[in-house]
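Have a look at the structure that comes next, please.
Order of writing sets the chain letters: A, B, C, D and E. Residues in each chain are counted from 1.
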Amino acid sequence: MEEVESVIEVKNLKAYIPIDPRTEINPVNDVSFSINKGEIVALVGESGSGKSVTALSIMGLNSPSIKYHKESAINFEGKNLMGMGDRNLRTIRGNDISMIFQDPMFSLNPVHKIGKQISEALILHKNVIYKKVKNEVYEILNKVGVSDPGRQMDNYPHQLSGGMRQRVMIAMALICQPSLLIADEPTTALDVTIQAQILDIMKNLQKDTDLSMLLITHDLGVVAEMADRILVMYSGKVVEEGDAYSIFKQPLHPYTEGLMSSIPTLEGESEEQLEAIPGTVPNPSELPKGCNFYGRCKYGTEKCKEQEPILEPLNGNRVSCWYPLKGRNDMSG
Amino acid sequence: MVDPIVSLKNVKKYYPADSGLFGNKKKWIKAVDGINMDINPGETIGLVGESGSGKSTMGRVLVGLEKPTVGEVTFQGIGIENYKKKDLGKEMQMIFQDPYSSLNPRMTTANIIAEPLVLHDIGTKKERKKRVDELLERVGLSSSHGKRYPSEFSGGQRQRLGIARALALEPKLIVCDEPVSALDVSIQAQILNLLKDIQKDMSLSYLFIAHGIQAVKYISDKIAVMYLGKVVEFANKEDLFKQPYHPYTKSLLSAVPKPDPELRDRERIILKGDIPSPANPPSGCSFHTRCPKVMDKCKGSEPTLEYVSNKSMVSCYLYEEVNEVKESS
Amino acid sequence: SNDETTGSAQDTESQKVRVGFNANLDNFDPVHGSSGSDHALLYPVYDTLISFDEDLEPEPGLAESWEFTDNETLQLNLRDDVLFHDGTPFNAEAVKFNIDRGISEESPLSDLSSINGVEIMDELTVNLHLAEPDSSLVLALADRGGMMVSPTALEEGGDSYGQAAVGAGPFEVEEWSPNDRIVYTKFDGYWQDDHPKTDQLEVLIMQDEITRINALQNDEIDFAYRLPSGDIFSLENDPSIDIVESQAVPVHILYLNTSQSPFDNKSVRRAIQFGINREELSQAIDYGQGEGAYQPFPSDYWVYNEDLQDLYDPDKARSILEEEGLDNVSVSIGYNATAYYARAVDVLRQQLDDIGIQLNTEAMEITTATATYFDEQSVPALLSRWTGRPDPHMTMSLLFSEGSYYNTGSHTTEEINTLLNEAAAVTEDEDKRAEIYGEISRIAVEEEAIMIPLVFQPEVIGMHNDVKGYEGNLLGKPRFDLLWKES
Amino acid sequence: MFIKFLIRRIVYVLPMMLITTFIVFSFILLIPGDPALAILGENATEENLQMLREQLGLNQPVLIQYFTWLADVFRGDLGESLFTGQAVEEAVFSRLGVTFQLVTTSILIAIIAGTILAILSVLKPKSWIDQFSRFISTLGAAIPNFWLAMLLLAAFSLALGWFPATGFISITEDPIGFLRSVLLPAIALGAVGMAQITRHLRSALIEVLEADYIRTAYSKGLNVRQTIINHSLRNALLPVVTTIGILYGNLIGATVVIESIFAIPGMGQLAVDSILQRDFPMLQGVVLVMIVIIIIINFATDIIYSLLDPRIEYD
Amino acid sequence: MSFREIFKRFTKHRVAFISFIFLALLTIVAIFAPLITPYHVEEQNYQNLMASPSLQHWLGTDELGRDVLSRIIMGARAAIQAGLIAILIPLFIGVPLGIISGYFGGIIDEIFMRIVDGIIAIPAILLALGITAALGVNLWNAMIAIGIVFTPQFARLARGQTLQVRSEPYVHAAKISGAGANWTMFKHIIPNIFPPIVVQASFNISYAILVEASLSFLGLGAQSPQISWGGMLEQAYSLMHIAPLLMLFPGLAILCTLLAGNFMGDGLRVAIDPRLKRV
């Protein structure tokens, strides 16, 4: 296997929100992963599982109420972003790492023309004036499939459709040619046909520029379309990690399995009953002692209730479960 | 053949977009623009379409929340304007998309669920309480939840409360306006299962609105595809998925991401451009601006919804000839 | 143009005196004004036929001398070489024009009502023919009725004359911004050579007395008219400011409507008359600076009745009520809602409570107060001010004669009537007049209690010590044209 | 487009003005105290009164009086003062300038102070400066303006003599003198405005700073200062602009007290005097002009709003 | 959110809660004022005019030698009364009108809102001044005047809130089930527009106290023997050169009450609107 260069390495990321001196909430609990050059890694999980907090930790943009345990480290180009002061972090933000957000409606400043907004990062990091970068803005808009970029540059966000806005967001994120793009649910707010357009563009750009990407979504369909590797999060932890093909073929964690079977598929005859995961995500302030998924898991045992599993390699992937499905199937088979 | 419980006859709903200089309305948002449809007892009709295509508006017109600008909605053969508002509520109910704003934050859940009963003077207080407990249990909650306020529930639980309220009067039809869109995947499945179970128990009809086509596929018998206020294709679920006719339907189906990485390199139809504004719809076929198979004719006049096969109805000039052939033969 | 004059006022010889004054002027037409307080703003423009001195004794004005040629004729000998501001000569013609106007049907003026007609004897002599003897006429000619307006200007101005002001006084009006300020400039053609001594007079209307003090202290005005009595103490320590305190005829009184309950009952009125401790009241509201009032005239005035010095006798008040079997008397009065009267009302309430009368008070803003008491007569009593008149006869008859506007209940006695008529005929003998008016005061106040005089508020004037020429007068209507600044 | 916007605004405003002036008009007639009586005073015989009333047109039905007045207004004639005979428009306009300068100064003070306080406060939430600015803004809203005026007057003009205690100098006459004469009353008047602007701007800024596009700005590498200036202030000012419009109206009303304390010959004093004197044409004129000003200010804020917010279009 | 919850959240807001306690105490003091005052409020003493604070008279004496503390305590009555009555009028007239106008809409709403716009355009203090001039000068009329001034504001607020609530899905749900106008208004609209109106009311109570003080200061509010802080300030102002201290305490009394009122309003607003948690 050829040695691949990792762009970013998140190690033991553990975020906490102090509630009172004795209790804290951990929206992200001991998460480790890395992203290789030119790789798309998808982060999936239910609402509140800590996906956004993880992403914002990399950007250093979590709200100040969120703090990090000291063993947390995020290594980017040989530097640990965690210890870096805000001033240094700012030279990386938007320049080497950039991010696009879920809702293009609200992620653009309504009072500035989009040309200005796109160029802002460039102006800031390359120390140039707007006139000089107009061409670059034009180019990038063209690349993300905005028709008539010259005119669109002088428009305000409200004059654009949702799909156009998301293209603008992408253009904005890519204008400084970053090495890592974090996309937090980039298409959730969009209609399916528009989503397809956007995903297509993202994929093409990624291929062209050998960009690394952290794609956050809760739509397994999008993951299957886009991701090289998948991280499944559940209540603040990564419960499964592996390459996309193998996870979809054979999920190892019961939660991943549950997620997959709860989507109605378009193919084949429709099932009589969907396989829903019963119950709801546990409240982050009163997590159970053992496995967080215990209680919703159909395979749960006494051991799961008492002991917390850890993320361990299995068949080249990693899974955090006492009874991973592969093992189970192997045993039964 | 059974009689439909609800039919829409050329229903249009326009909203004023600009009140003009002296209140002379000039522009209209054609939210719903001429829909014909029957809903049979016990049947679920799925309604899909892009955001702003008029799905919710149609739902609201159906339950009588809004009067159609043109056309008529009949319930069991009688125009709904002939019903007393109150009586209509016994027959048709609605479940809303946003589980947060669809429950009055200042009422206990028991009161919320009992409200339709109180309004219709059904039962004594005690009987109503019993009924509320039953309903709570039916939707998978316990009667102890009745004393709580909506804010103390999760999104999925609230959606269950909304369902319980809709069931209170044992209606014949429920309009579900994107009841699962706001929920997590794992919760969506719970709610969809619940809706399906209830339908089986009570032989309800649903008009199920969603813009995600998966959920619609799971729950519906027939599916109507809407584009800019019009139904562009209407067919049985199986037929629609086996053989979509309208270019929009085709692209919609192909755009849905498949949860299987093996399929990621398949051919897909990716549309150009955006959905036009309903205040300013294109002439002719409203899809012509994005249609991969657009012909000159499409820009001129509007196609009508016609049967292409025995089962599917499509509004597209591509199938005109098929029809003509059929008619002539 | 305005800032040029103000700017140059400092660096050249031309001089300007700035006065802070308390009341607004409605109209420059002397005949049409109604307020008792705007004379001071008219005097600089209009010379009167007759003038008066500090003690309200008549003095020559535009008439060098006058004489009752008989009981019903007053002859005026006019000053020569007097011009109005517009160049119109002042002469018998002009006097006739003005007096005729004052006594005409449309004229709202009542002081001149005794005049029947005006006869021009020669260029500088006129005879005023009277319908009845009128001892007050001389000083009436020092009031509005005697202010001479240019006939030319009146004819030209017609109805809107009140906007302009063309008199024969020492100043012309340069700028008038109602309720804000009036700028007067020296009239070069004034008949008196050394008068006025200042080139410009600026009167700032400052209705709020505190702002007048503030302005004076901060050197925004040179002269402040009518300061609150208490502030004598606060200004005393300021070496740059002189305080002049004087007595004047305006008096705070309690008007009673004698035709309405309970004031139709003389005993109630008298009980109140004896029940009020004026010294204490004056102490409380004027900090000992004023004077208790037991008659309509202050002690410095020649008509003052020495015998009416102190009526306060709470026991007597109580016994009057007791005799009549009046317990639980409650009386209602209206008053103008100012801080000063609010204080007075609080004191009166206490004092009357002491003699067993409950005082109910109703505050009103000034216009309502006047209208409700005098015109609608819907409150039976009013705490207000009698602004005073130049001649005691006017005061006496306005307050106590039958049918007078100010005698709201129109209550009077035969005796008062007779005395009033008698006094009207006495045109020369001052002592005799004083005696009669003293008697009327006694009857009207002590016996009949037609109204309740309360206090004479001191006239307090504050000015920078470079301001000269101020002469106070008993009328309480100062002559700003006399002021000048020592450089 | 703009013309259409203008016409529409006027069409919208016109009935409102009619209603307001009619309310004021009929209201005035409810106020007891007959102006004829007030003018004639002790000389008010029934005949005189009748004559004067006729002359002043006071004996006609309200509606007739109102429409006569209205017709005159359209001809640019606001009538004459019942007392001084001065043309109302002349009196009002001579005082309008004063009040306008006073109120505008206090609004400017309020805007500047309020903006600074609000920005300082959101820059360092929970810091002492934040606490301080919040306290100041609450205090400003709670302090009675006339009391503040009295305190300022006592301290800065009577005790220290730094500022004049009375009077007003127009900016056109002497800018320095204007500043000296207007500062204390403007502060007394503007304290509440400052409080409101601080409050509104602060909460608007907090809200804006939580908006997604702020996160976008940070994700580009902007620092806090750049973010606040380039991405928050203009957005946060939007709701504040509307506040300023309303504030302007309130302050015009508040001049009633402040002008009397500082002896400033403005519209507030004129209004009070005409109410107290029952000088109805004058009062009517004052109110009309005040309302027109308020409408113009609101109109101006609307335009500023639409300049700041590209989402607003003229149609 | 239930009212209980709101109250719980409100009590957590310390300054607001303290302010609430302060205002509650003030109300109690106002009710029992005659029993509490160290001196009789009318007790005059010409030997001791305008005295500085001392052990006998903690806040000194006034222009008639009366105890300032006692009068300030008594003045709380006028303040509280003004605040409450002035708020009841808009609550019982403005709010229902606003709700009806917003709920039914149409031409009545149009006309109604134009009138409201018209009245709002008249500067508040001028309107109050005119009304007191019309009704007569006393505290009661001043309160009515202030109430009338507030009425269109509350009508507008209630209307806006009604429009918002009216289009909430839960109202649609009730309508589908056959809820009529009455039911919708009483069960859904009023309970849900109540909180913002209460918040507004709590701010307006302080504002009413302020306007009352201004009117009294202009001599058009409370009148002797009724004691009000504004009236005390009017007196103090007229004596500002002789007894500057007199204007201190009534002013502070107004200031503290208004501060408390505003803090309480803030607290209520935060308690009611969960979004404002961090503000």
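Just so we're on the same page, contacts are C-beta pairs under 8 Å (C-beta built on N, C-alpha and C of every residue); 3 or more make two chains touch, one makes a residue touch a chain.
Chain identities (UniProt): A, B = ABC transporter ATP-binding protein; D, E = ABC transporter permease.
Note that the structure is a prediction, hence the values are computed from the model and not measured.
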item: Touch-network distance, chain B to chain C, counted in steps; value: 2
item: Fewest touching-chain hops separating chain A from chain B; value: 1
item: Contact-richer chain pair [C-E vs C-D]; value: C-D
item: Reference chain B; chain at largest CA-centroid distance; value: C
item: Relative to chain A, chain with the most remote C-alpha centre; value: C
item: Distance between the centres, which are taken as Cα means, of chain D (ABC transporter permease) and chain B, whole angstrom; value: 52
item: Rounded Å distance between chain B and chain E (ABC transporter permease), as computed from the means of their C-alpha atoms; value: 49
item: Whole-Å gap between the CA centroids of chain D (ABC transporter permease) and chain E (ABC transporter permease); value: 22
item: Two or more partner chains touched - positions in chain B; value: none
item: Per-residue overlap in chain D (ABC transporter permease), given as positions that touch at least 2 other chains; value: 32, 158, 260-261, 276
item: Junction residues of chain C - those touching two or more other chains; value: 210, 365, 368
item: Partner chain A, residues of chain D (ABC transporter permease) touching it in the complex; value: 211-213, 215-223, 226, 230-231, 234-235, 308-311
item: Touching residues (chain side chain A, partner chain B) in the complex; value: 46-47, 161-164, 191-197, 199-200, 218-227, 244-245, 248, 258-260, 262-267, 270-271, 273-278, 280-281
item: In the complex with chain C, residue positions of chain D (ABC transporter permease) that touch it; value: 32-34, 37-44, 48, 81, 83-86, 91, 94-95, 153, 157-158, 161, 164-167, 173-174, 260-263, 265, 269-270, 273, 276-278
item: Touch list for chain C against partner chain D (ABC transporter permease), complex; value: 3, 24-27, 34-35, 108-110, 160, 162-163, 177-181, 204, 206-208, 210-211, 214-215, 217-218, 220-221, 365-368, 370-372, 374-376, 398, 405-406
item: Residues of chain B defined as touching chain E (ABC transporter permease) within the complex; value: 60, 63-65, 84-90, 92-94, 96-98, 101-107, 112, 115-116, 119-120, 149, 151, 162, 165-166, 168-169
